[in-house]
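Since the structure comes first, as structure tokens, the remarks are kept for the end.
Chains: A, B, C and D, in written order; residue numbering restarts at 1 for each.
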Amino acid sequence: MDFEALFKQFLSGDVAQQASILRSLTIFLPELVLSSSIVLMLVARLVSLDRIIPTHWFALLGGMTSFVIVLFQFWEFGNSQTVPVEVFTGLAIHDEFSIFFRGFLTFFLVFVIALTVLTGIPDDEDAPDFYSLLCGAVVGMMLMSSANHLLMLFIGIEMASVPSYAMTGFLKGKRRSSEAALKFVVYGAGAAGVMLFGISLLTGILGTAQFSELAPRFQAVFANHAGMQDPATRCVALALLMIAVGFAFKLSLVPFHFWCPDAFHGAPAEVGGFLSVGSKAAAFALLVRLTTSLAGDGSGALSQLSLSSGLGLGLIAIITTTFGNLAAYSQRNIKRMLAYSTIAHAGYMLMAVSALLVLQSVQTDLVFQGNHQENGPRAMEGLLYYLCVYLFMNLGAFAIVALIRNQTYSEEIDDYKGLAQQVPVLAICMAICMFSLVGIPPLGGFYGKAFIFASVYEATNVHWFMWLVLAAGGLNTVISLFYYLRVAKTMCMDSRPADAVPVTLAASSSPAMYVMLVSGMVVFLGIIIDPLSKVALHAAHALF
Amino acid sequence: MGEVGLNAYLMVGAVLFVCGVVCMATKRNGIGVLMGVELVLNGANVNFVAFSRYTSLGLDGQTVALFVIVLAAAEAAVALAIALNFYNNHLTIDVDRGNELQG
Amino acid sequence: MSPETLLTCIVFLPAVWAIPLVLFDAKAKEAMRYWGVLGTALTFALTLQLLMQFDSSKSGMQFKFDTPWIANWNVFFSLGVDGISLPLVVLTGFVCLLSMLASWSIDKNVKGYLILFLILETGMMGVFLSLDFFLFYVFWEVMLLPMYFLIGIWGGPRREYAAIKFFLYTLAGSVLMLIAMLMFYFNSDRSFDLLELAKIASGTSAGRSHVYGMSMQVAAFIMLFIGFAIKLPSFPFHTWLPDAHVEAPTPISMILAGVLLKMGGYGIIRIAFPLCPYGAQYAAYFLAALGVFSIIYGAFAAMAQTDFKRLVAYSSVSHMGYVLLGIAVWKIVDGKTVGREYWEMGLNAAMFQMIAHGISSTGMFFMVGVLYDRVHHRDINKFGGIAQVMPHYAALAAVIFFAGLGLPGLCGFVGEVFSVLACWNFSPLLAIVAASGVILTAGYILWTMQRVYLGPEYKGPHPEALVEMNSRELAIGYTLVATAILFGVLPHLLFDPMHGSIQALTQSLASSYETLYGAIHTSQLP
Amino acid sequence: MPETGDILMFLLTVAWLLPLAGFVVEIYWLCFSHRLNKGAAYCAVACIGIGFLCSLSALLYWGNDTHWAALSEPDHHGHAASHDTGHGDAAHGAGGHDHDAHAGDADQHSHDQASEHADAPAKKYYSGTYYELARFGGLRVSLDWYIDSLTLVMFTMVTFIATCIHIFAIGYMHDELTEEYEDHEVHLHNGGHFSRPGRFHRFFAYLSLFSFSMLGIVLSGNIFQVFIFWELVGLSSYLLIGFYIERKSASTAANKAFIMNRVGDFGFLIGMMILWTSFGTFQFGDRTEGAHTEAGLFTMVRGHDGKLDVSEDGKQVYLQDAHGHRAEKNGQPLTISYMLLVAAGLGVFAGSIGKSAQFPLQTWLPDAMEGPTPVSALVHSATMVAAGVYLAARFYPVFTPEVLLGIAYIGCITLFIAATIALVVTDIKRVLAYSTISQLGYMMLAIGVAGWGAALFHLVTHAFFKSLMFLCSGSVIAGCHHVQDMSRMGGLRHKMKITAYTMLVGVIAIAGLAIPGTSIGLSGFYSKDAIVASALAYSELNPGHILLFIAPLVTAGITSFYMFRLWFLTFAGTPRDAHVYENCHENPSVMTTPLLVLAVLAAGCAWGGEGGPLYRLIVDSETVPAAARVASVGAAKVILPSHQGHESDVHHVHSTAGMLALVSAIIGMTLAYLLYVKKTIDPNQIRQQFSGVYDFLVDKWRFDSLYDAMFVAPVHIISAWCVSFDKGVLDPILHSAANLTVLTSKWDRAFDETFVDGLVNLVGTVTYNVGNSLKVIQTGRLRQYVMWIAVGVIVLFGALFTTIPK
């Protein structure tokens, strides 16, 4: 094939509803911007430009630019009749859903960078490394959120994970930090390996790695013979399971959560905040995409598949939530506690996915659809809303932890006694975040939870098991009250011990502003729900 | 002696995979653990290549394999760096010595 | 002021009023207190204006105000008031004003206290005014946080225990409520509108022909009832109340007893009954029995207390039992409602009892608080002879306690006697047991008064601190006494606005039960 | 010219509300002027005095308006009444029709009266509504007024006695006019006596409050309203008994009184429920609203002819509408089950039991003597306790013969028990208290044996002489500086003549003495005579119930015995306690004048006996004409004797009964004379001989200890249970629930020591411990983590393999 042919293909793709390489690159612009900002940062240090311009400006600039571009793409989708297209010959897909997540991630990136700047991690020497790792990880997550191919899936996960390993161990001098990093990397690598093996089996049996192809192929393979006696079925089941392990690792679902508490404990709070939100969001995006495309139109064997996988996820969700809440209760170190709460919340969100799958399994049942319209998108909307609120409340909590750590050099909950008397701002914002994590109106956390429970309730019409899921959700909400309240109580009701290190933070100082902004967003999302939920629903529609 | 079939390759891949996992779970030496990781990944690679040869998967498989090799390298690099850092702090690479974080 | 904005103002004025408090200097305590008083006073004034503009001849909702809130889930921000919610709204404004006036004893972190207080008021107003189930739920929970902190920070020695107990009970209840809410939402073409849901339940909705299934109604009713019974509080769910009351500071106890407990009764009348008539009827006897049991049980428990505040708390359990009793006296004989007028009387009595209890128990807690502020203990056996040193106070306290005792001419009487009178039609046995409550109530209240107020001299600690009430306290005391007498002598002032709405409620419930009953017997329902 | 009813209503309402106004003024007297002048007293006296004038003028107006038809010969009147009420027509119409010599002069005049009133027939009673309390659909609760001759008589009596007692109290409470009132009965823990500012104004405020509530009962036009004021008199009696709040005994007695009344009210409430549910109204009289007339309770039960309309099987009673026909509701005739009607009657009567201290609730009244003596005179002898009787009489139409039988026996038991106890009591006030109970028993008995008129007759006379005697005792107590024990008195007649002889009048009156042969005696004689007579008539018709005649007869003797014993011990003989005798003195005129006035009335109020004006006035308002015998249809087969006309049952036996009663009274008196004056028999001997009986009586038949054991103790035990139930059962239930979940979950270690209190701690502990034990999994060992991956995969695969349907 000669050059013209290649060039022509570059300009205008040769396959239907696949974007040409050029178009793909334009669509890929946010990621490109981030990557180029990474390069810029490294070069800047090479020419020691970072002595003049602090490195984080580059990172901030890159993050903001890419966010703006994503916004523009979203707007483009909004009013012109742009249709979802597969980019890079079907490796990735470009639709509202991916845009939503890419926007989410870049937005989040900006906030994290701002936080790191405020808390002074890292120092100027390491700043370029740190921010390039950060941006790289975000790029990986964006790939995850728009992956359309099992290879892309793997690359995305790896790209997201590898920098996180490094960031976890970023405090080089600290024993704990390095230990955490080691555990994280080994565990992560192991999980990745298992996942990859699963992918290899799946692709092998179905003969494709394209998401859009999976469902039909599955139909084709299992149209005639289903059931577990069939080796192929068993093999596919195993493969899916192994892939699930990869996701479970990313989402820190029980029993693949072990890395999470240790990594969060060892890593700086900022990194913890980043991991707990970013990688989780991306992983959920990917999970949803994969499962929905596996469920396909939910006819025949697919319905069977999505129902059973949905129930399986439901079971795991129950275990994860309960485990996370129970384990969190007895923690002394707040980062560890937040790690377990992260696990628990992953469980809540997983409930949404399981509800989605269970509902998808009956989408051909028209009678059911008759009186339960568009329940799939609803479930997704719940998930997305939850993620958005979760961004703010968790980031807020971690930010406050980091700020207090900077002054007291302690992350033990007991050292937070009576902070309300010294820094009411932090205490109040922490209380807001905590109660939002419990899920108490009028704080944003409640609505995400309520929406998810709503779709779980609807799923109970399909399978009784979902009642258990619902009950577990409710029960855990009550249980989780204890340890979240404990933090609020320690900060607001106990009195500050005389010998405790005094903490000072002017309400007008920029860190205080930051914290107030974040927790203010939590309240805001608890009062003005409409816009975000509309956007979320819109994005969710792209999947169906 | 007939032609070697797909299953043989898959068997090799599976064996590699299991070896890798066992190695990860048993080795106390950090480097050894990382090698286990490599084994697991390569087990998967064998599968990919085999499938691309025998099934309708086609070239995709081999492409994936190539990508995986690269990723494995990158991962190994980071992992080794972290292991080195671990050594600096603990003066050993015995992974069991890192048990401060627990509970 | 235009009707719609009026309600919105009533709901949000206190919260908005709290914002400027942030700017106050932490030392300007007096200023902040007056600011708070001003805010509650304005709110009370607004509620009074609502009372003025309210047309008690209409039975339906008035001042309705709708605007979409969460369009996707078609949740509306819809407020409205009818004869059932109006008295409670006014009561809320009234009690909040009084307890704000009683808040001078609070000295620790006044700013935070006032802010939480005002947010709490917004929450309570919202609960009574919202016509959208989701909105109702949100407001219901909004009260939770301020209350938690108000008890937990400004409370007594075991405040944290009490606070978390309160929090836990309420949260557990509201999780159940949430599930019930979802049930109705998904069984009603995605609607949270309470009126619409009630229409569907009564089968008179334009959209749908069939009503909710029986099993669903029973399940939903049980969940809702537990959620509300915890707030009420009714017998097995009452153990949070004594702790919360004992530990909470005086003004907060006043609000707890005066308003928060009413939400339980209000929820049952406004939501549990209209939305699941079948479930309600199914459980009616149980409810009434529970109410009667609470009456007796609370009275007995009160008699054995030595902590003054705990005693009053248990008396609340006993008094709210009449509310439950009055609500539940719905007699059905093969599908037809028998003696609807008596049930109507019961509901009226229940509402009246809620208001009356709002006045009397607020007063009782205030009176206990006055003593506590002076001598800093609440051990009844250490008191005595208070009437000798503080005659004026003792006289006011006596009136309030007699109001609690249910003495004619004071507000306590009408609610209790009417609910008991209405009960005979429903079940003579229960009526007799409930009537025996009058003896017990007299017993423990008189005994308490003898031990606390009568006798030659006060032997407890800090006798020097026993000085007559100051003018602010006198103002509160006299206001309470005046209202107690007013409603005791002219109960129709209260019955007139309620009457229409309650009549409509009973009629629609009766008819809806008949339709459902018919449907069951022609077996159109699961 | 306004309606007669309205004028009466206006006058009585003024009389009723004035004391309330007085109360408000007096209670705040201390705010306006200083506490040490008698302003409060004058205010109170003024209020009640004006009240008396109003009610008297009301009575006169009414009489004038009806040409005193009530005073005419009863048989004509009775005939007229029955005939008139047949058409719901007027009493004074009867006055117009009768051609009797008595009203001869008024004849002409009355004719045109009748003709001019023919078109607008006035009723036997006037009633109306003040305002509605509440209205539920057809049901309405309101404050009404109901005025007939009984109301008027009661009003006049109450206000008059109250006025006297108020005036007396000015003197009696004089020593309260001080800033430093030394109370010698209260000892402080530092040994000294208790001293407090005086409470003059407060006493009169309470008295006014009481007068208001009492008049409220008399005036009220429906049973619910009666209940309201019923409670209010309870309150004011509570306040007055506990007037010396610093005395433990006083406050305890007050509580006892209130709670025991509440026990009665419990029954009252049940009765009201039944009436309310089955009649749908509380009204006594019919109420005309525009066109249609709504029947009141009395009409519903008795119709216009005063007969119960009982169904054939005797199970149901048909209700009547305002026009005297069977009431119907959408075709169905309205009925009430006969048993239910009986229950309602008994319930309402239970209220009377509590209020007028009948067996078994009599024990509170003697303790109530803790209050100042004027209170005992007004509240606990003359008026409030009589309210029970008044209610029973007022509600007579609703009582079936069975209920009446019950009332009779309650009264019978009470009068005997109380009299016997009075034999041994030495506290002068308590003797009177027991005699009060006993006399109330007489009234109840009378009502029970259908002696409706007799009962109320006795009520009024008793009010006079009993209040007289109480005031006398009060004056004795005041004179002897608060000595109440008769065993320390004696010979006081030399020192305080007026008191002594006025007291004697009262004693003779209550003893029912008369000049033998002639039927001329003091008021008590006539009224007791009437009661005994109707009792005899009753027991003649129902030989089974002969006891109902024996008991009052014997008790008549006992009564005169202990009353004379009281008088002899106090006034006659020689002083037993020199100290007391020396210091005692006659009281100022402000206290003695009321005694004289009351003495006159106690002597003469019943002049003419059953032919006299008082009896006629009362009987005029009898709602159930007892012209003929009434045989019961219910369970108890009793026949109620007829009362009116010369051939009535009562009339036959009247003379015999009177004779017997007189004889026993005289016997009693002579006995007392022999024991306490002549000392021919030594009381102490008897005391020793019958020591068992004596102790029994001194212990008041052991009622108090019995009730303590039966009610008070159990209540406290139960309440202790309730609390421990909260602490010990309710929370543990939640504990164990959580406990169970814990055990099922594998991590059951170190739980038990942490059960502290309450669900929260427990669930807290549980979660905490579970969490702790979860920590074990998080070993921190990397290789185990990795191991978990493999294990996880295998386990999950196993799970999948087993669960996926084949």
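As a working rule, contacts are C-beta pairs under 8 Å (C-beta built on N, C-alpha and C of every residue); 3 or more make two chains touch, one makes a residue touch a chain.
Model, not experiment: these values are computed from the prediction.
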| item | value |
| --- | --- |
| Per-chain Cα centre nearest the global Cα centre, belonging to chain | C |
| Interface with more contacting C-beta pairs, comparing A-C to C-D | C-D |
| Chain whose mean Cα position lies farthest from subunit B | D |
| Geometric centre distance via CA averages, subunit C-subunit B, whole Å | 66 |
| Averaged-CA centre spacing for the pair subunit C and subunit A, given as whole angstrom | 44 |
| Subunit C and subunit D: spacing of chain centres that average the CA atoms, whole Å | 36 |
| Inter-centroid spacing, subunit D versus subunit A (mean Cα positions, whole Å) | 79 |
| Residues of subunit D whose C-beta touches two or more other chains | 763, 775, 778, 780, 782, 786, 789 |
| Multi-partner residues of subunit B (each touching 2 or more other chains) | 21, 24, 33, 95, 98, 100-103 |
| Residues within subunit C bordering two or more other chains | 164, 168 |
| Which chain pairs touch, all of them | A-B, A-C, A-D, B-D, C-D |
| Interfacial residue positions of subunit A with respect to subunit C in the complex | 371-372, 381, 424, 435, 440-442, 446-447, 450-451, 453-454, 457-458, 470, 474, 477-478, 481-482, 485, 489, 492-493, 529-530, 533-534, 537 |
| In the complex, subunit D residues that touch subunit A | 763-764, 767-772, 774-775, 778, 780, 782, 785-786, 788-789, 791-793, 796-797, 800-801, 803-806 |
| Subunit A-facing residues of subunit B, complex | 10, 13, 17, 20-21, 24, 30, 33-34, 36-37, 40-41, 43-45, 47-48, 50-51, 55-57, 60-61, 63-64, 67-68, 71, 74-75, 78-79, 81-83, 85-86, 88-90, 95, 98, 100-103 |
| Interfacial residue positions of subunit A with respect to subunit D in the complex | 182-183, 186-187, 190-191, 194, 227-229, 234, 237-238, 241-242, 244-245, 248, 255-256, 258-259, 261-262, 304, 308, 312, 323, 325-331, 479, 482 |
| Touching residues on subunit B, where the partner in the complex is subunit D | 21, 24-28, 33, 95-96, 98-103 |
